[in-house]
Amino acid sequence: MDRLALDVAHLFAGGLVLVSFMLLYQDRMTGLVNNFALHALVVSFSVAWQAYIQQAPHLYITAAIALVVKAVVIPVALHRIVVRLGIHRTIEPVVGIGLTMLAGIGLVALSIMVMLPITAEAGTLAREDLAFALSVILLGLLMMVSRHNAVSQVIGFMSIENGLILAATGAKGMPLVVEISVAFSILIALIVIGIFLFRIRERFDTVDIHVLHEHRGERP
Amino acid sequence: MAIVVDLVVQLGQMLVVLALAPLLTGFVRKLKAHLLRRQGPPLVQPYRDLLRLLRKEVVLAHSASWVFRIAPYLVFAATWVAAALVPTFATGLLFSYAADMIAIVALLGSARFMLALAGLDVGTSFGGIGSSREMMIASLAEPAMLMVVFTLSLLAGSTQLSSIAASMQGPDVGLRVSLALALIGLLMVAIAENARIPVDNPATHLELTMVHEAMILEYSGRHLALIEVASYLKLLLYVSVIACVFFPWGIAVSGQGAAAYLAAVVVYVVKLAAGGFLLAIFETAIAKMRVFRVPDFLGAALMLGFLAVLLLFVTRAG
Amino acid sequence: MSDPGSLVLAAILAIPALGAAVLAFLPDDRTSAWINALASFLTLACALVLLVERPAPGPFLIVDDLNVVFIVLSTFVAFTTSVFSGTYIAHELEVGKLTPAYLRFYHAMYQTLMFGMNLALLSNNVGLMWVAVELATLTTVLMVGIYRTPAALEAAWKYFLLGSVGIALALFGTILVYLAARSVVGEGLDAMAWSVLVENAPAFDPALLNLSFVFLLLGYGTKVGLVPLHAWLPDAHAEGPTPISAVLSGLLLNVALFAVLRFKTVMSANPAALAPGPLMVSLGLLSVVFASFMLYRRPDIKRMFAYSSIEHMGIITFAFGMGGPLANFAGLLHMTLHSLTKSAIFFCVGHIAQVKGTQQISEIRGLTVSHPVLGWGLVLGVVAIAGLPPTGIFMSEFLVVTSTFARQPVLALVLGLSLLVALGALLLRLNGLAFGEPHGSSEPARASFVPVAAHLALVLCAGIWLPPALVAWFQHVAALLN
Amino acid sequence: MGLQGLLWCIALLLGTSLAAAAAGRHRRAGTLVYAVALGTTTVALVIAGASLLAVGSLGGALQLPIGLPWLGAHFRLDALAAFFLVVVNLGGATASLYGLGYGKHEQAPGRVLPFFPAFLAGMNLVVLADDAFTFLFTWEFMSLSSWALVMAHHRERGNAAAGYLYLLMASFGTLALLLAFGLLAGPGGGYAFSAIRATLPSALVGGVVLALALIGAGSKAGLVPLHVWLPLAHPAAPSHVSALMSGVMTKVAVYGFVRIVFDLLGPPHWWWGALVPLLGGVTALLGVLYALMEHDLKRLLAYHTVENIGIIFIGLGLALAFRASDMQGAAALALTAALLHVFNHSVFKSLLFFGAGAVLAATGERDMERLGGLIHRMPLTALAFLIGSAAISALPPFNGFVSEWLTFQAILLSPNLPQWLLKFLVPAIGALLALSAVLAAACFVKAFGITFLGRPRTDVAHDAVETDSWSIAAMFILAAFCLLAGILPGYFIDALAPVSEALTGARLPRQNELDWLTIVPIGQSRSSYNGLLLFLFIALAALLAAEAIHRWASDAVRRAPPWDCGFPDASPITQYTAGSFSQPIRRVFGTVLFRAREEVDMPPPGDARAARLHVRLHDVLWDTFYLPTAKLVEFTAERFNKVQFLTIRAYLTLVFAALVVLLMVLAVWQ
């Protein structure tokens, strides 16, 4: 039973990493959004599973939040935005897909290396999950820095949040404070992003950061 | 008792130098004239000039200030005191410890300072030329002089002229390279300081070549007389310094009888004559150089003096 | 929650929260400014009580030697800033840079910000502190963007993106700390309480601690504005309203650094964990060097002082990284004095910019002639921030440099020289700003000089005499940080 | 007793400056401030003098609960401190006296009055400080208050830049001292001087500390090549402040050097004695050469400060050399010479700056080329200035000569040193000293001659009026000191005995009971000097001559236009100018050192335009040390500045990179 639990947890965590790679690979806006929905879906499953094996009912709430907000609401909203801004065109990654992938693999390796020395006494479950979570976070960061477009940056950011949830739930018995704060922060994040996209659209006709950073202070 | 003798000697020396100074200058002039196949003025001409000048009234420029008027007296006084402190025919002067060799050099410096100011006082262009060139020459001559002083005092272990003279008479001195260098340096300095050829021409009347004469161009009457005396004294002083340091033989030491003193005076006069003779020959033999060659001349003197100091260490080490 | 201390503690958090709620629904701007100041003042009063009446540490809140000074400091600066902000905002309304609607938002946010910072300082819980810091950050994001000029939006957007990445990193670090603690302390709240963490730190898994510290340093370091995580800071300072610049430099940076310190105590309590010193030293030194050279090319006065804030945060981080009783003491002292001085400077700068109608250094000249009080205030502030006596910052810099030079001569030399470079830049600008022929409008400024005077007086006094109680607290904390 | 009294005086000064800051604009404020300053500094002067002459009886140490909390502020009054307090407060008192009159010409008293007493207090505090923190705190406070005074006339061209350079260099020096004390105190932070004395630093540490002390104190005293700020900043301040900065503050810097190197640092190494005098000699020569090229009266004086600081450092360095090879007597001689010169220079430099201030107040001109003939208008000022000039030119019977004579005597003791380098080096330094002394004389012939003598070159010079009586009183008090210290040096040397005993373990033989008040530093047969006799001789001879001539020869005087080789009444512009006066020396020394170039632009025939002579001077030191530094900072700032203008994504990348790097470090570490 316990082995099975572990394997399933790994399955989900590993799946999340895989989806992150798909996000990196994805270079169409709509595809990106759908991919992110999938990402959120996997997270919610993994959280639910953790809730089940840890007999921690409060985690179901987190799972639900993840499922509803990030797998459904946000993708829909983002679709709206994308459609309204009319950016279905392919978004060019900064460096070639291949390179990005290589970098991603490197990051995963790095995160595993960093996690290895942690004593098993901290709980194998925690350790493996942490390794995967860290790689998800790093991949999200990589996505943020490798994309021009604000929407895809937001998605990258939210994939980081997913990684965090994975880690938080992996940490057994972590008080509810954290999950709430995560959800809370994402909520605020969405609001603020929304406001910003809105205002930005109000002033420019795109959310491409190239246009934005024309207006930073002290132009040379 | 000894104090009294010393006092007498001191006063005697002061009067002697004052009395002999014009004579030396007259002697040099006479010699130069003879060397140039000229008759030349009589030996006592300087005395006559001085007396005449003293009797004349002073013509003072409108723009002259009190500096201009007190300068001659100060210059005269400083030079006289300096000359009085050099052992001429006797060491162990009463006040010889009032100023050692460095102080004597500095006293002459004071005199020059006042004179240079006087040159600027009336506010004419020639006075300026004189002062500025005088200071330029001095700025090289005095360090050279001090280097010579270093050599001597390092050798004698003292900056007191009397002690130096004493130790020069001593047996352990012997002949040294550095002494020779010092002598040459001192001679060059003396020539420069006394405004002799080749540095300056005391007899010139072409303004642009004058240094010392340009500085005192505005002076007349008793002021001029005092300045002339001062320059005579200066020449005498340098000759006496050279004599007492490098040819210290025959100087009377304090405590000896009156006879010894008389002999010393005679010897001293002979030394002066010799010095004047050499100076006259040198001056007639050489031509005046351009003002801006003077730094090279004096720079050489400075280098010689410094070399003398360094060689001193080498010989000491050996 | 019965003893007076706990009540006061609750009040410190409750007053700003209530204030925020009230101000959010108050239409009249004049009174709202007053209410803002009043709420801040009440908070300050409660904080002062803490100096004498110290409640027992609870599961969520704690008052100890480390945070008691900073809570008083932050409430004090919050109060003076609110006074300053009253006059400042009035002028902004006149010239129409702000509408009453936005003003309501502004005041509500101001109190929310205070709430967040006080909570962060007082919290005895890693997670709670994290929440509080993020709350404070997000409110400032909104306030920076309040002018809605493209530049302001750009600044806010930059701040938001970098800030939220910081959020994420810090959270991950926090989780790791919890994991490290869990295996020793057991699951539940205890595993996140400072008091418990510090006690049991020696038994924690060093590897986990190391990893967590990396993330926490970067996460909270983003808020501190350490190079290379600093990018948001100058623009946020320059484009937002000046009171917010003052609060940012004076308080928020301190709060973030405070969080790092908390974790450093845990780290240094564990012998097996890698020493956090080298990391902090290198980040700090990098910040100092970078910022002091950046000072030269700044045409915008507020942006210049923002860079100076980066420089000073670097000095403080460096000091704590060096460790040792002297350096730690110096770091704490420097935190306190810097927030006082820098906010005072921003008060002056705010009024100056309003009077002259520009933030361009090149267009402000001869202030000591045209506006003597503002001008000399600025001179004094810059002299203080440059670390010249008789101001207190000289003492902290003296301690840092001397104590470092005996141990790490090269580091001290680099630090000292870059301090000199910074001094050069500040004086160069000061020459233009305060001296020479006056330029631009010379109408008398309707300014509130009391906050400036109060801050500078404190800084001056600190240079000559420090209250023994403060010294005792600092020395205890300094010992704790080793 | 003594120390408390001094501290009360300082407190009073600080209070005065606060009061002045409050009521600086009041009409009578100036008089009050200067009066209080005068009174306080006089009291302090008396206390310091008493404790110097009666050693220990008034000395002592005490500790105030301020400054570093766990250390407190230590203050101590020993012989060295007492001597420098005498220098500081003598300068302070005379400056205040002068200020009573001169302050009335001040346009912006609000910018001077608050800082003047603070400056005095700062200098006193530095000398009294007995722990590293208090020392540096007060040291920098002194710099800061004087900076404020330099910025008093910030609207005049170049003053702001001067103040900037000044404060920057001052902070640089403070940084050096900071590091030095860091080394001396050690990581434990034993900042009290007593603790520092207790520990004996290693040879390496000693060397580093010496270098740092040279940089720190030297940058404040104006040691070449750290002197560049001095000739800009000192003249920029009001004249009585210039006098204080040049005459006194530089001495406080010297005090810092002596305190650190002689007192705290323990036994010296012989190469210190080679480095310091060499620096001193170079400084002396360069300082006077700079001065000769200068036509701005106050700036010329400032450059002479550089020169005299060089002379002082020669003495100090020799003392180090002698101490290093256990020649206490010689060390005492060199140190006494240096300290005596400290006193002398503070006296005549203040006097000269007062004179320059009087000229400035009377004519509004600092440029000598636009002055001249002032001796007729301002005879008293001229007399005082003349005495000062003679003193600074080291002419007997004034005080400047005594200290330089002692320095020469110390140099002449160098052959007994065991190190060959020193044997050869020290006489060379002697040559430098001699050269600079004579050049100083030349420079002051120029300064006094062009400014006061001759005929006025401009109307302002022609219409000048004698300055007020306060200023004249201040000047003549100092002039009296110049003469007294020149003709009665024995007393001053004996007063310095406790200092040299404390620092070198030996003292000069007692001077003041020798007959005729001769001074004999080593031995009667070796060398002796008697200023009193010389003075009397000269005076007597001069009076005698005058009396005799006036009685038996003529005393008639006829006024007439100048003869000038027959050129009729030429206009004043045909006089020699400062530039033309220094031309020969410029040709001799300047062509290499300053890359001096002279260009004559001669109008073509038939053009009525006047021919012009342009002289171009370069400051080689500035070009070699300072410009490159400035360029380097510029360059780096330019490079770093690009980081301000990246895209948000680039910034995110930075964060990302930082994270990855740290993780890698961690991975490698474990």
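Going by the order they are written in, the chains are A, B, C and D; count residues from 1 in each one.
By our rule, contacts are C-beta pairs under 8 Å (C-beta built on N, C-alpha and C of every residue); 3 or more make two chains touch, one makes a residue touch a chain.
Keep in mind it's a predicted model, so treat the numbers as computed, not measured.
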Chain closest to the assembly centre - both centres taken as Cα means: D
Averaged-CA centre spacing for the pair chain C and chain B, given as whole angstrom: 78
Centre-of-Cα separation between chain D and chain C, whole angstrom: 44
Chain A-chain B separation of Cα centroids, rounded to whole Å: 100
Where chain A and chain D are represented by their mean Cα positions, the distance between them in whole Å: 69
Two or more partner chains touched - positions in chain D: 641, 644, 648, 652, 655, 659, 663, 666, 670
In chain A, residues with contacts to at least two other chains: 114, 117, 141, 144, 153, 212-213, 216, 218
Shared interface positions of chain C, touching two or more other chains: 157-158, 161, 165, 207, 211, 234
All pairs of touching chains, each written as two labels joined by a dash: A-C, A-D, B-D, C-D
Chain C residues touching chain D - in the complex, by the definition given at the top: 157-158, 161-162, 165-166, 169, 207, 210-211, 214-215, 217-218, 222, 228-229, 231-232, 234, 274, 279, 290, 293-294, 296-297, 324, 326, 368-369, 383, 386, 388-390, 394-395, 398-399, 401-407, 409, 412-413, 416-417, 419-421, 423-424, 427-428, 431, 435-437, 463-466, 468, 471, 475
Touching residues (chain side chain D, partner chain A) in the complex: 641, 644-645, 647-649, 652-653, 655-656, 659-660, 663-664, 666-667, 670
Chain B residues touching chain D - in the complex, by the definition given at the top: 54-67, 70, 73-74, 76-78, 80-81, 84, 95, 97-100, 102-103, 106-107, 109-110, 112-113, 116-117, 119-129, 131-133, 135-136, 138-140, 142-143, 146-147, 150, 153-154, 157-160, 163, 207, 217-218, 220-222, 226, 291-292, 295, 302, 306, 309-310, 313, 316
Residues of chain A defined as touching chain C within the complex: 114-115, 117-119, 121-123, 126, 130, 133-134, 137, 141, 144, 153, 157, 160-161, 163-164, 167-168, 171-175, 177-178, 181-182, 184-185, 188-189, 192-193, 196, 199-200, 203, 212-213, 215-218
Complex contacts: residues of chain D adjacent to chain C: 65-70, 132-133, 136-138, 140-141, 144, 151, 154-155, 160-161, 163-164, 167-168, 171-172, 175, 178-179, 181-183, 185-187, 189, 191, 633-634, 636-638, 640-641, 643-644, 646, 648, 651-652, 654-655, 657-659, 662-663, 666, 669-670
